[in-house]
Amino acid sequence: MDNDLEKMAAQCRTFTKEMVDNPYRGLATFFGLPYTESLDNLDIALIGVPIDLGVTDRSGTRMGPRALRNESRGVGAYNHCTRSTPCTAHRIADVGDVPFRSVYRIEEALDDISAYYRGIAAAGVTPVTAGGDHSITFPILQGLAPKEKVCLVHFDSHCDTAPPIHGCGYTHGSPMKNTVEAGLVDAEHSLQIGIRGSSEPLWEFSSASGMRVIHIEEFYEMGWKGAVKEIHDLVGDSPVYLSFDIDCLDPAFAPGTGTPVAGGMSTFEALQMVRGMQGLDVIGGDLVEVSPPYDHAGITALAGATLLFEILCRAAEARERRGA
Amino acid sequence: MDNDLEKMAAQCRTFTKEMVDNPYRGLATFFGLPYTESLDNLDIALIGVPIDLGVTDRSGTRMGPRALRNESRGVGAYNHCTRSTPCTAHRIADVGDVPFRSVYRIEEALDDISAYYRGIAAAGVTPVTAGGDHSITFPILQGLAPKEKVCLVHFDSHCDTAPPIHGCGYTHGSPMKNTVEAGLVDAEHSLQIGIRGSSEPLWEFSSASGMRVIHIEEFYEMGWKGAVKEIHDLVGDSPVYLSFDIDCLDPAFAPGTGTPVAGGMSTFEALQMVRGMQGLDVIGGDLVEVSPPYDHAGITALAGATLLFEILCRAAEARERRGA
Amino acid sequence: MDNDLEKMAAQCRTFTKEMVDNPYRGLATFFGLPYTESLDNLDIALIGVPIDLGVTDRSGTRMGPRALRNESRGVGAYNHCTRSTPCTAHRIADVGDVPFRSVYRIEEALDDISAYYRGIAAAGVTPVTAGGDHSITFPILQGLAPKEKVCLVHFDSHCDTAPPIHGCGYTHGSPMKNTVEAGLVDAEHSLQIGIRGSSEPLWEFSSASGMRVIHIEEFYEMGWKGAVKEIHDLVGDSPVYLSFDIDCLDPAFAPGTGTPVAGGMSTFEALQMVRGMQGLDVIGGDLVEVSPPYDHAGITALAGATLLFEILCRAAEARERRGA
Amino acid sequence: MDNDLEKMAAQCRTFTKEMVDNPYRGLATFFGLPYTESLDNLDIALIGVPIDLGVTDRSGTRMGPRALRNESRGVGAYNHCTRSTPCTAHRIADVGDVPFRSVYRIEEALDDISAYYRGIAAAGVTPVTAGGDHSITFPILQGLAPKEKVCLVHFDSHCDTAPPIHGCGYTHGSPMKNTVEAGLVDAEHSLQIGIRGSSEPLWEFSSASGMRVIHIEEFYEMGWKGAVKEIHDLVGDSPVYLSFDIDCLDPAFAPGTGTPVAGGMSTFEALQMVRGMQGLDVIGGDLVEVSPPYDHAGITALAGATLLFEILCRAAEARERRGA
Amino acid sequence: MDNDLEKMAAQCRTFTKEMVDNPYRGLATFFGLPYTESLDNLDIALIGVPIDLGVTDRSGTRMGPRALRNESRGVGAYNHCTRSTPCTAHRIADVGDVPFRSVYRIEEALDDISAYYRGIAAAGVTPVTAGGDHSITFPILQGLAPKEKVCLVHFDSHCDTAPPIHGCGYTHGSPMKNTVEAGLVDAEHSLQIGIRGSSEPLWEFSSASGMRVIHIEEFYEMGWKGAVKEIHDLVGDSPVYLSFDIDCLDPAFAPGTGTPVAGGMSTFEALQMVRGMQGLDVIGGDLVEVSPPYDHAGITALAGATLLFEILCRAAEARERRGA
Amino acid sequence: MDNDLEKMAAQCRTFTKEMVDNPYRGLATFFGLPYTESLDNLDIALIGVPIDLGVTDRSGTRMGPRALRNESRGVGAYNHCTRSTPCTAHRIADVGDVPFRSVYRIEEALDDISAYYRGIAAAGVTPVTAGGDHSITFPILQGLAPKEKVCLVHFDSHCDTAPPIHGCGYTHGSPMKNTVEAGLVDAEHSLQIGIRGSSEPLWEFSSASGMRVIHIEEFYEMGWKGAVKEIHDLVGDSPVYLSFDIDCLDPAFAPGTGTPVAGGMSTFEALQMVRGMQGLDVIGGDLVEVSPPYDHAGITALAGATLLFEILCRAAEARERRGA
């Protein structure tokens, strides 16, 4: 793919102009990208998974993809930290939302997700996903079925490694446990960052399985740079999946979510960590748990869309490095 | 039960004083009633069913019972239309929320509801229920298992007689079909009032089964008095269950709901119809589909609580007439 | 005062242009009127009384006058029902808010109000007041100290004739009782319109004193024209004070109030009644109980400002008839 | 076009199912219609005009088309009043938003609109438009350039026949004057319904030009049936353009608008009037002035989308009658 | 009290499960604790004081206790920083709200509070209080009547040591001055942290009496660790009362309060300071000034509930150390 | 001007008392200052510029000045960082809003602004301005027409040095380019701080012209003290104009703005930088882009008013140093 500077500048100017000229016009797609339901000739797919069947408290994340599309209108033209324009430099599209047979049976819905991502994997496309509640990360990784275990870099206020809740092992409280138990994730080279709050006793699996859990208190001791260093140290060259639960942010930055926990990080700190993941072999990622009914003026969706763009950038860079 | 006027006046003064003095104090129960999880020595039970597993669009009704309790603080001391004080004249309590084994499997949750209402029926208590989405009406009636078919008086913008959606026959789109098919409801002496909107083709079962469907256009032709007359004509002395979906009201009166339909009735008109049901043999009722995340300043919950109080009054009067 | 049609048309055009051109510019005064703290050379004074010391439930009416000023920006240029332009045809000003010695002691604050209105009466100015909670109506009438008892036309969902609450006889639940007991109001030629809800037992004084109480159910039987006829029949040529509690409207029309009661009237119906009071000898009036923290998009304040304008028109017409 | 009942029922069932199954999935188009920017092979085009350059007070209508698309998700599958399914029975698409050269110069933007609608007219497509502020009605009609003057049926709280404001004759206060002066509209066979508020002196042109102005007070005297009758009497068989300003509704029903006027009609009454226009030769219509920043829970956009659907139905019926 | 690890783990697992399973079910008590109005057999009491009589600007804190109960649903199962489960390891209950004789006379209400806390002191119970406005801290300490002066650790944007306002010395602007003047607080070993804004000239008493005032600018120089060190240095082993005004946080973190001041600290920083108070002899504490009408999505109440839980933990630890 | 400490203390006490006593009373002016439209005998003028003609995305800043006046009620009595009382120590007034000939033509409106500021300059008054969108900074500086080029200290998330958008060179995306090109600003001694987001390619002019652009990432490396040092180093003794776009803050701190960019600074950090500009020769400043329709509980307007007060303080100090 041509990285000639002149061309890139022209591309980004055109795309920026388009975005600036028309932020509220027409149909909202992720970052203003073209919309296509076909996976042909794509490098990266932006995928919506509108579901809230897995929540334990306040629902509403089924409205997440639409809100993220709406608020991504001013995001995505250019990444000034990396001086790159992934949306024009790669073949990227908004491929729509995962089709569900049912919005009433969580297991069936999760099966639909894994089936869809099997198609993504088969097409050789890198997926960047907008949730939906956090239960979707397990079937996404099931569908992708990476040849080797992947490392997980997981930003959240909860570890999401709970035992079954109400007899259901597939809620938004358990995806990380499920991915490890299914042999998809290499727990000992995975990190969970931003953890806090009263639900700690539910997360015994995290330490038992060897995950590196960075509580918010420790995070503020080491700073985002320290966290970035740990990520690189632990992940190295291994393939890595990036999962960002918006409730990792403090409720001031992300009121629009279902299980907010006070005392989280700022959007800036979160962005710096995702930016700090440059060089890692990111095979995909998701941004989950935006719950529009609890949002105000779109600020949660905007923070989410901005993080989603950085995840997209990491996926694009890794793909480029792999020569894919 | 003593109906002596002096005593009633004293009762209602005391209760009113209590309500006026303390509207925002302490724990919120329905109408400020005593809270007990025991059904012993009760005539009528106010029951919460916090669930939104059955919705097709915007979720949030799981928060309904709590919001209805909160906004019922200024409602329920006295019914000036009937000059009665049901909350003190009868043995009535807030018995809490139906316990669920799971908030992840709708069928299991609905089974929990029917099991709970079997207990209600066994205790000889009249249930008045605050939802939750409309899927709960079917298991409520299953649990009550009336000896003879009951008439249904159903206020809604949707008939809720849809065939299975996404392969699930127990969503909030089908309870009325289910009750008829289960032999619980006498369709030919049942009414659905306030119906409107684009989903009409889903409701073929209503006319096929012989229900009287009063669309909103016809409702405004006959007026609420005409509708009340039809209710009495059709129901007569038969036992009747009253189900009120808050989206029967126009979204101006009830913004806080999941599938609002423009062009509905006013709260006053709805109240007059429920008041007009005096004299019917009401065996129970429910007020469903209040979705607090979409409410503003509690106005939907307040309208809901006020309608719930009128339903309670009809249940109390009927019970008194039956000498129960 | 000159009523020459040409001049009036020119006046209203100029004033309308000013209002249309500049609705969001500069300091917000009631209806865009000039602001002056002097009562000299005034016919009518628009007065704010920012207080919520008398409320029983949700507070916030202390913010009422500011919100009413803000939302009155598009109201008041012209009354097309009466084809008049009171704001330019009379000497009218926004005279600011009643100064309080204390916002902590309700009795002292009410004394400040009555003192202020003694000044209004002494200056021969007709007061039109924006509350504030309803406790202010009693000290307003105390201050005005009309030579003969006045009739009261009172729109509300509550009669506001309660006995002392918490040992305080001057809350927003009692002003109408106080005015009658103080010999300021002729109860037998007064009306309370729109009454409803559970607090009925508190209002025994209304019927005991001979007030005409039109409950909302009766109101909808007679229609607003019937209510207007009763007002005229009962009031006749006597001096009349008009008090409008915004919670007379249904919460759909007025969510921003402290003690909303479901099942009220529409803004249109309310406006028609105040318009129907043309010809009465209105000596002043108030619009109370707008609570901005519970409002949305200013709709309650806008309804309030529109009603306040009609009250102003009635006061202006009466003053003109009296040759004042 | 085939009207075979079986087929229609099948169509509407399929479409309804699609709508019910997927209300919050994927990209939001008007009524879930296919999206295409081509006008080929279309009968009717749904067009967005995202602009608020013409407003006099609160801005925000540039966000209107997107909100109307979002809230139209549950609207449009079936019209039970006419037992028709226009969205499947006709070739209808969401053709996107009018492209603007500039969002900074109102005249230039209005020229863009008229240019776009010249294309619509040339393609023989019937336009149904979602605004945007009301200034767009004039360039729409300019672009359509009907061979003979059309009648205007105009629902609004303002007549929109003002002289230039701030020296600009093309604001949202003047479109109706402009259409008459440009010889596009037959004033003497046009109606303006719902008019009220303080800006009356601005609308002298309406009566001067012979328009029938039905103020809200007169509207409530005649009822919506009376208004429908007048519309038919005045319009007869002439071509008619239907323009609906959402502020015709009371702010309780439509808080999300820029220049709300208290005391308006209900959504139901408005719907009945648009439904009552069956049989008229509707050549197009618009729904304007939805301002999402002031909306709550989407109720204004929902009322607007529901009215837009009825306008669409009238346009489809007329087209069918014309054999187009 | 048994600290056996196994048992604690079991306790916390059970309690966590209960909290996670049922966050929105039933009546909301503080942290899901049992509700009892009796003080018998209690170590610590969670007490609501629903009052806003003492505010100077925006009211609404009377709704604070109910909102704090609602949002405490996901808080309180476990303190992972201290690895403790105070809610199950101690005898703690929600004892309801302080009963008031009057909500109209601030002095009388404050007397009711001091009377109530005399009962708390007599029962040997440690109080943890949820306001209400800040005026309550003085009567709380009056009621507790500690044998020796206590140190005060006070988080706030205001020093609350103002002279009488409007002639009232008991508003929310003066409690800290009152406690010192009443000989309840040892000013020279007390701290006020987070102070900022324009009202500085009102707080001369703070420096005059020897309190350590840490303005927000100084706080950010020393960091929360520096502040924690100063607290320990100054307080040492003395008994200490902890009072947290939510407006200490920046309005981004706590919009729902009456007198917000821009430029405050984050929730995380505040939590770390309260956590840093481990080892101090905390005899009680309060969290005040949450004003729900100005909150959004419950984020202020959630931050407040989380801080309240940390206060509770400090009180529980101190009690345990004292062998109480 | 007298700086005698006693007198200042008395002044500030009186003013503080006035502000504390009456935060919600009467007409809201900036900081409670006297209102006058005359510029005579003034040192500093607070000026509103209610306009949103220059925005590219969400509109609403035309409502900014009114919201800033409302929320400035608790701000401005005293600056405890500088121990000064500018509002009483100088001759300062709220002089109202810039009068516009048109709110429809941006160029004409900007001409009105420059004309107004020519009057300000002629009167020798220092202007402190509340916007309005950012397009106003260019005509302000045009009007002031400083004898020598001024340095610009510009806080923003966007550089605002874009080429013409939609053919319009005067939008809120270009003012800083315009001021440099017009020879008003010395680019090489100007700074832009807080820059971030996807629109970077639009800002080529900034680096081309020699402006110092401190992106948010660099800002967090150097800290606010580092930024303050750079400001002093670059500006030195030169005259400086200070322009603060509220979207420099993170959307958590300033949701109420039109083009928010995630990942910004806190209000505290911003305040410290403006405070750090003590000693600079500030000739005026503006606070722009507060968009009230997107605000919640006034927190954006409050942050804006607090920043505006600090700008005012800098202007007052500089004026005092100049002996003006």
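Each chain gets a letter, A, B, C, D, E and F, in the order it is written, and its residues are counted from 1.
Rule of thumb we're sticking to: a residue touches a chain if its C-beta (ideal position, glycine included) is under 8 Å from a C-beta of that chain, and two chains touch if they have at least 3 such contacts.
Predicted, not measured: the structure shown is a model, and the values here were computed from it.
Where touching is counted per the definition, the chains common to subunit A and subunit B are D, E. Chains that touch both subunit C and subunit D are the following: B, F. Of the chain pairs listed in A-B, C-D or B-D, the one whose interface repeats that of C-E (more than half of its contact pairs identical by residue number) is A-B.
Relative to subunit C, the chain whose mean Cα position lies farthest away is A.
Counting the residue numbers used at the interface between subunit D and subunit F, over half appear in both copies, so the two copies meet with largely the same residues.
Each chain gets a centre from the mean of its Cα atoms; the one farthest from the centre of subunit F is B. Centroids built from CA atoms put subunit F at 40 Å from subunit C. As a whole-number value, the distance joining the C-alpha centres of subunit A and subunit F reads 38 Å.
Residues of subunit F found to touch two or more other chains are 21, 24, 56, 58, 62-63, 103, 165-166, 250, 252, 266, 294, 296. If the chains shown are joined wherever they touch, the resulting network has some other arrangement, not a path, ring, star or complete graph.
Under the touch rule stated earlier, the contacting chain pairs are A-B, A-D, A-E, A-F, B-C, B-D, B-E, C-D, C-E, C-F, D-F, E-F. Interface residues of subunit C, counted against subunit F in their complex, comprise 21, 24-29, 35, 48, 50, 62-63, 66, 69-70, 96-97, 99, 103.
For subunit D in complex with subunit F, the residues that touch the partner chain are 52-54, 56, 58-60, 62-63, 100-106, 165-168, 170-171, 293-294. Subunit B meets subunit C in the complex at residues 9, 12-13, 16, 19-21, 23-24, 73-81, 250, 252-253, 266-268, 271-272, 296-297, 299, 302-303, 305-307, 309. Residue ranges on subunit E touching subunit F, taken from their complex, read 56-58, 162, 165-166, 173, 196-202, 215-217, 220, 250-252, 255-256, 259-266, 294-296.
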